[in-house]
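Chain nomenclature is as follows: A, B, C and D, assigned in order of appearance, with residue numbering initiated at 1 for each chain independently.
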Amino acid sequence: MFGLGKKDTTVFVVVIILALCAPFILNPFPTGSSLAQFNAGYPDLMQRFVIFGIFAIGFNLLFGLTGYLSFGHAAFLGMGSYAAVWMFKLLSMNVIPAILLSMVVAGLFAVVIGYVSLRRSGIYFSILTLAFAQMSYNLAYSVLTPITNGETGLQITLDDPRILGSSATADGSIPVTNLFGLEMRHFTTVDVAGWSFNFSVGYYLCAVIMILAFYVAVRIFRSPFGMMLRAIKSNQQRLYYTGLNARPYTLAVFVISGMYAGLAGGLMASMDPLAGPERMQWTASGEVVLMTILGGAGTLIGPVLGAGFIKYFENIFSKINDSVLHGWFAFLPDGLENFVIAILHPFVGKGWHLTLGLMFMLVVIFLPGGLVEGGQRISRALRRDKPEDNGAASKASHEPAE
Amino acid sequence: MSKSTLTRRGVLRTGAVAGAGVALPTIFTSSSASAFTNEPTGGSVTLGFNVPQTGPYADEGADELRAFELAVEHLNGGGDGGMMNTFSSKTLDGTGILGKKVEYVTGDTQTKSDAARASAKSMIEKDGAVMISGGSSSGVAVAVQGLCQEAGVIFMAGLTHSNDTTGKDKKANGFRHFFNAYMSAAALAPVLEKMYGKDRKAYHLTADYTWGWTQQESIQAATEAMGWETVNNVLTPLAQTDFSSYIAPVLNSGADVLVLNHYGGNMVNSLTNAVQFGLRDKQVNGKNFEIVVPLYSRLMARGAGENVKGIFGSTNWHWSLQDEGSKAFVQSFGTKYGFPPSQAAHTCYVQTLLYADAVQRAGSFNPCEVGAALEGFEFDGLGNGPTLYRADDHQCFKDVLVVRGKENPESEFDLLEVVEVTPRAQVEYAPDHPMFAGGNLGSCNPGA
Amino acid sequence: MGILEVKDVNKRFGGLKALSEVNLSVTENTVHAIIGPNGAGKSTLLNCLVGKLIPDTGSVMFDGQSVLGRKPFEINQMGISRVFQTPEIFGDLTVMENMMIPLFARRDGAYRLHAFRSVESEAELRSRAEAMLEDVKMLDKRNMHSASMSRGDKRRLEMAMCLVQEPRLLLLDEPTAGMARADTNNTIDLLKEIKEKRDITMAIIEHDMHVVFSLADRITVLAQGTPLVEDSPENIKGHPKVREAYLGEAA
Amino acid sequence: MDAIILQILNGLDKGSAYALIALGLTLIFGTLGVVNFAHGALFMIGAFCAVTLNRILTLSHQVVDESRKDFLGNPLKVDVPYVNDWFGEAAGATIIDWAVPLAILFSIPVMIAIGVIMERGLIKHFYRRPHADQILVTFGLAIVLQEIIKYFYGANPIPTPAPDVFRGSFDFGVLLGFDPNVIIYPYWRLVYFAFAALIIGGVFAFLQFTTFGMVVRAGMADRETVGLLGINIDRRFTIMFGLAAAVAGLAGVMYAPINSPNYHMGMDFLVLSFVVVVVGGMGSLPGAVLAGFVLGVLESFASMNEIKSILPGIDQIIIYLVAIIILLTRPRGLMGRKGVMED
C-alpha cells in the first residue's frame, strides 16, 4: 500500500491512527480526576507534539541516515518561523503561503549553510553548523531587531499592512491565522461521561502535515537515495570508489532536512503567530538532537517518540506544584503525606529538568537504541518465537558496552 | 464547527458531572457557547501563575510564586489577610472572588517567549485559567500579553520594566503594575544631579536587546536634560558573562560615571567586573568615579555582594518601606516564609489583589468588564502610595523609589536603603510620549 | 596501445622520490601484475591511477583520456573499479544493498536523486545483483548484515561489487594481504574463475609471488620507484635483476 | 595603541579561562575518546567548591542583639562565624577573606574524587558506544549535576569575593610609559592568568616528563598497542579523568571571584569551550591552549568601540565567525590530527 513495503505500511498506518486519535489517546484520565494533571490532550501541546515530531523526523533524515550531526538545526526552524510571521504580517493570514515560504526560506539558508559546512565531516561539521546557528541567534536577538523584533519576538500587530486581508478585524482585534477561513485556534470539545476530548483545527492541520512528512520520510528511507545516504554513513571511501559523489547527496538531504525544520517553524508560527530568537539558540538545536537519539536515531518512528517524550516532560511535569502533590496524596496520613511529597518535590515543578536529565541517562544506559529499542524489547518479550527483523529498526541496536 | 473560541473548562467540568449524574440519554454533550473564555461556572475560579522556574531567574520566579500563593491564601480567607486590610478598596472579604474559591495552576516560563507562551496556553486551554500573571522579563511579558489578548483572558504582568510593555506593545487585556524604564530615569536623574552634580560625563554599557535599549534611551534623555554629557554607549551581548573588555576602556574615555543598563546576571557580572577594575577608587576630571545601576533587583544585588555598596539605582518597591501596606505585606510574607519579599513578589501579590478586586467591583470575570474596572482605577494602601491604573496604556503610576547599596547591611536582606521616594507627578508622562509611541491598545477581547 | 597507459610519471614527497619515470602499459583482457618490495612505490602508483594522488609530471591515460585531476568517483565512472587491501564494503548495509549501490552508480551516474522510488521496485537491477551474487556463491547470504560476515566473504562481496559494474579495468591492491594460505587460495580460485568467465582487464598490485604467478599474464617489477623490467611470468621468474632487487640475492 | 595593549591583556585573561576548560576537555577526549558534555558542569562545581568553602568557613551560630530589630520587628539575630570564636574576630575575618585561595586546596581532592567516580561509575561504560550516546549521557549528567547545585544553592549568583589584597587594579600603562589609568588591570585577573599559565605548564610537564605521562601519551596515540604491552591503561585513564576534572575545577575555583558563580555557568561555557577545542583541533592539547588564547584575544578586540562602530554586532558573533573561517581554511583546526572525530 502507498508504495510501501508490508512492514512500513503497518508502521505508517499505526502513525496515522495515533495522529488522528491523539485527542483520545492523550486524554486517558477523566477530567475531574486527580490524574487529569497527566492529560496532554489539549490543543497547544498536541500541536507541539506533532510539530516537533516533524522537526525530529527531518533531523533524523540527516543524522539517522548519514550520521552527520548538525548542531545548528534550530536555526532553520527559527528562520521558518520568522518567514511565516512576515508572511502573515505582509500578505495574508492564510497559513498556506506562510508555510510554503517558511520551507523555501529554510531551504535556501540550508543550501548556503550546508554547502559550506559539508566541506567538513564529523565534529568539525557539527561545530560549523553550531557556529552558523549561534550567529543567527545572536544577531536575531540584537542587530537584526528590525527584522526579528529582538528579544520580544516577531509578532502580529494591529497595524500590519496586510495585502490580502485587513489589518484588524471589525471589533478591533488582530486577525487569526486560518486555512481558507477555517481558524487555526478553533476547537470543539466533546464530553463523554467524565472525559472530555479536544478536537482542534490547528492540531488536525499539523497532524495531516506530519503524516505527509512521515510518509515522505519513509519513502526516502526506502529509496535509492536513502540507501546512498546510509552508504555515506557506512563507508564514504567505498562510495567514492564506486563512482558516486557523496557531496550532492549530503547537501540534498541537508536541504531536505532544513526544509522539514522550516516546515515545523512555519507550522509553529501558524498555530501561534510569534517567532522568538531563542528558537534558534543552541539549546533548541541540542533539543532536537536529544529527541532523535532518545527516540532512536535512524529509526522511522523513534524521533517522533523522542519529541513527544521531551515535550511531555517540559509541559506536564513543570506544572506539577506542591499543591497538586498534596491533592494526590491527601489520602495518606499527614506525616506520610508530607514525607512522600518531600521526596517527590525535587523532581517535579521547578525540578522538571532534573527528572529529564535522569531520564536521558537512564534511557541511554539501559536502552542504547533509544525508546524504539525499549518497544522492541517489549514486543520481543511478548512474542518470543517471532524474531523482529526490521531493516531500519535493527540498525538501532548498537553493540552493548563492555 | 461552530464559532471560534478557546476552551471553557469550567463549563465542561460541570457539564460532564451533570451529564454523568443525571444520565442524559446521550452521553455526548458538546460545549455550549459562553460569554467569554474560561467563564468559571463552578464553585471555584482558576488563576494561572506563569513564572520562571528554571534558568537564571528561577529564584526570582520562586519568590513570585510565594507571593501568588500568599495572595491566594489571603483571598480565600486564610492567613492574616496581608494587604487586603490596608487596600483602599474594601470589596475583598476573604471569600474568594465573587464567592468562588480561588485555585491556581503554575507553569515555567524558562524566561523564553516560546516556553512562556506554551505554558500560558496550557493554563488557558487545559486548566481553564481566567487570568495569567507573573514573569520576570519584558520579552516574556510582551509575548504572554499578546497571547492573552488573542485568547481573551486578562494578563496581569509581573516584573517587566521595558517601556514597550505598556508602550508600543501594549494590549487591551494586559495590565502592568511594575514601573518602567522611563520612570526609573525620571526618578533617578534628580537624585544623581543632587549627588554627583550637573557636570558629569556618562559612559553607558547596555545589554543589547530591547529592554536594554529603552532603559539606556530613557536614562540618557533624563541625564542629558539636566546637563550631563553622554560620552559613549556600548552595547554588550546578552550572553556575555565577562565584561572586562567592555569595562577596561571606560577610564580612558574621559567619562566619570558608568551607567550599567543591565539586569539580572548581566548586572551582577558587569558590576562585579567594574568594581574589580577599581573604577570606584579612581578620580577622573577631578571627581570621584561613580557607577549607576538604573534598575535594581535586591535578589540579584545579593549576587554582586559588597560591590553594590553606595551605588544608586531605582526599584519598584522595597521591604523596608514603612507605610501600612508594606508593613502588612512584609509581616505576612515574612511570617510565612522567614524572609522579606522581593519587589517581584510584591508586584505579583499586588497584581493578584488588584485583579480580584476589579472582578469583585465589576461583578463579573468577563475580561472586558474587569479591564474596564481596572482602567482609571485609583487606589492606595498597596505599598506604593496613591496609585493610578491609567486607562490610556494600562500602566500604573505611583511613586518611584531611588535606592542605594547600603554601606553596613545588618542582614543578608538588608542590602539597599531607600534614598528618596520620587513623587508620582515627577515620573508621569503623556500616553503619546515618543518613547511609548507606536502601539495601540486595541479593543478588549473576551474570547468568546 | 594498452587500455591504461602510464607515461613518465614522477612523484615526490618532500625529499623522497616515490616514483620516477614510471612507464606502464596494460593491455585489454590481460591480467597485469605489479610487484616489488616494500617501499617500491606500488601503492603510490596505484593512488595515482585512481585519483587519490596527482603525479608531479607525466601522464596517465585510460582509454585515450587522461585521468589526472579527476576525482576518484569520476575515474570510476570512466570504468576503473578498485579492490582495497582490506575489504571496503558498506558494513551497515545488507549484502544485497551493497550490490545495488554500484549498480545504481553504473546506471545513473555519479549523482541522481531517486528520493521517491523504492529500492525494491528496481527489478532489473536486483536480478543483475542476484546473478552476480550467484556467480560468487553468495546468493544465500544476500540478506545478511555485511559487517557480520567473515573476512573472506567480505573480500568476495567487494569483488562482486566491483565486477557488477562491469569495469573495463579492475585494480586490485594486494587482494590477499594478511590472509591465511587457504583463504589466499580461495581468492586465487575466485579470480581465476572471474578471469575465465568474462573478458576482463585486471591490474594487481601484489606482494605474494604465489598469487602473481598463478594469475598474471604480464608482470612489471617496481623497485625504488622505477620499473625494472616488464615481461611474462615465465621470464620474470628467472630474471637476475628481479632476483637481485626483489629477493635481495645479491646482498 | 594603548587600547590595543589593553585588549590584548583582556584577551589573554579571557583566553586563559577558555584554555583551561578546553585543556581538560581535550585531555578527556584525547585519552578516553569521550565527548564530555558534562565538562562545563565540572567547571561549575569547581566554582561551587569555592562557594562551599566560603559557607563552611562562615558557619555561624546566632547571637540575639536586642538593640537591633530584624525586618519583622523581632530582635535581630546576628550570625557569628565559629572561626571568629576560635581565632578572634580579626583572624577569623582574614581566614574568611582568603576563602577562595583556600578553596584551591579544598577543591583538588573533591574534584579528583568526582572525576574518578564519574569515570568508574558512568563514563567507562561508554568508551565503545557511539559519540551520540556519549553526548546524550554526559548531557543528562550535566543537567542532573546543575539541578543538584540549584537545589542546594538556588539559581541566583552567589558573591564569592577574592581576598581584599587583590582588590583594585594594577597600572600597566605607567610601566610602559603611558599616562596613569590608561592601561589598568585588576590584580585578581593577573593572578588568574598566572595561575592558568601554571596549570597549563604543569599539565604539559606532567605529560612530557613523567613515565605516567608518557604512557598516557602513547595511549592517546594508540590505545591497543599500549594495552598489549601489559600496561594497565585503564587505571591510568581513570586517573587522567580525575586530573581533567581537577583542571576544570581549579579553573572554576579561581573564576568564582571574577563572576559570581551560578548553577548554569557551566552550560554558558560548554558551547564556547567546544568551539575552542575544535578550532584548536580535536585531540591536540597545544591546539586547545592556542585556540583558547587566540579566540580570547579576538573576542576582546571585537568588543572595541572602534571596531564595533564599523561592524555593529561583531562582538556577538566573532568567536563563531573565526571558528568558521579557521575550519574552512584548516580542515582539522589549528593543530588537529587526521582521522580524529571525522566520521
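Assume a contact is a pair of C-beta atoms (placed from the backbone, for glycine too) under 8 Å apart; a residue touches a chain by one contact, two chains touch by 3 or more.
Note that the structure is a prediction, hence the values are computed from the model and not measured.
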Chain pair bearing the highest count of C-beta contacts: A-B
Chain ID, smallest distance between chain and overall C-alpha centroids: A
Reference chain C; chain at largest CA-centroid distance: B
Where chain A and chain D are represented by their mean Cα positions, the distance between them in whole Å: 34
CA centroid of chain A to CA centroid of chain B, Å: 33
Cα-centroid distance, chain A relative to chain C, in whole angstrom: 46
Contacts with two or more other chains, residues of chain C listed in rising order: none
In chain A, residues with contacts to at least two other chains: 138, 141-143, 353
Multi-chain contact sites of chain D, meaning residues that touch two or more partners: 312-313, 316
Which pairs of chains touch, using the document's own definition: A-B, A-C, A-D, B-D
Chain B-facing residues of chain A, complex: 30-32, 39, 42-45, 48, 138, 141-143, 145, 149-153, 155, 157-159, 168, 171-174, 176, 182-183, 185-196, 198, 201, 272, 274, 276, 278-279, 314-315, 318-319, 321, 323, 349-350, 352-353
Touching residues on chain B, where the partner in the complex is chain D: 55-60, 62, 208, 232, 234-237, 239, 241-242, 244-246, 248-249, 251-252, 265, 268-269, 272-273, 276-278, 281-282, 284, 299-300, 302-307, 319-320, 330-331, 334-335, 339-340, 410-411, 413-414
Contact footprint of chain C on chain A as seen in their complex: 3-5, 216, 219-220, 222-228, 230-231, 233-235, 237-245, 248-249, 252, 256, 391, 394-395
Touching residues on chain C, where the partner in the complex is chain A: 50, 71-73, 76-77, 81-82, 84, 88-94, 97, 100-102, 104-106, 108-120, 122, 145, 161, 165
List of chain D residues in touch with chain B within their complex: 2-3, 6-7, 9-11, 13-14, 17, 68, 70-72, 76, 150, 154-161, 167-169, 181-182, 184-186, 188-189, 257-260, 262, 264-265, 268, 299-300, 303-305, 308, 312-313, 315-316
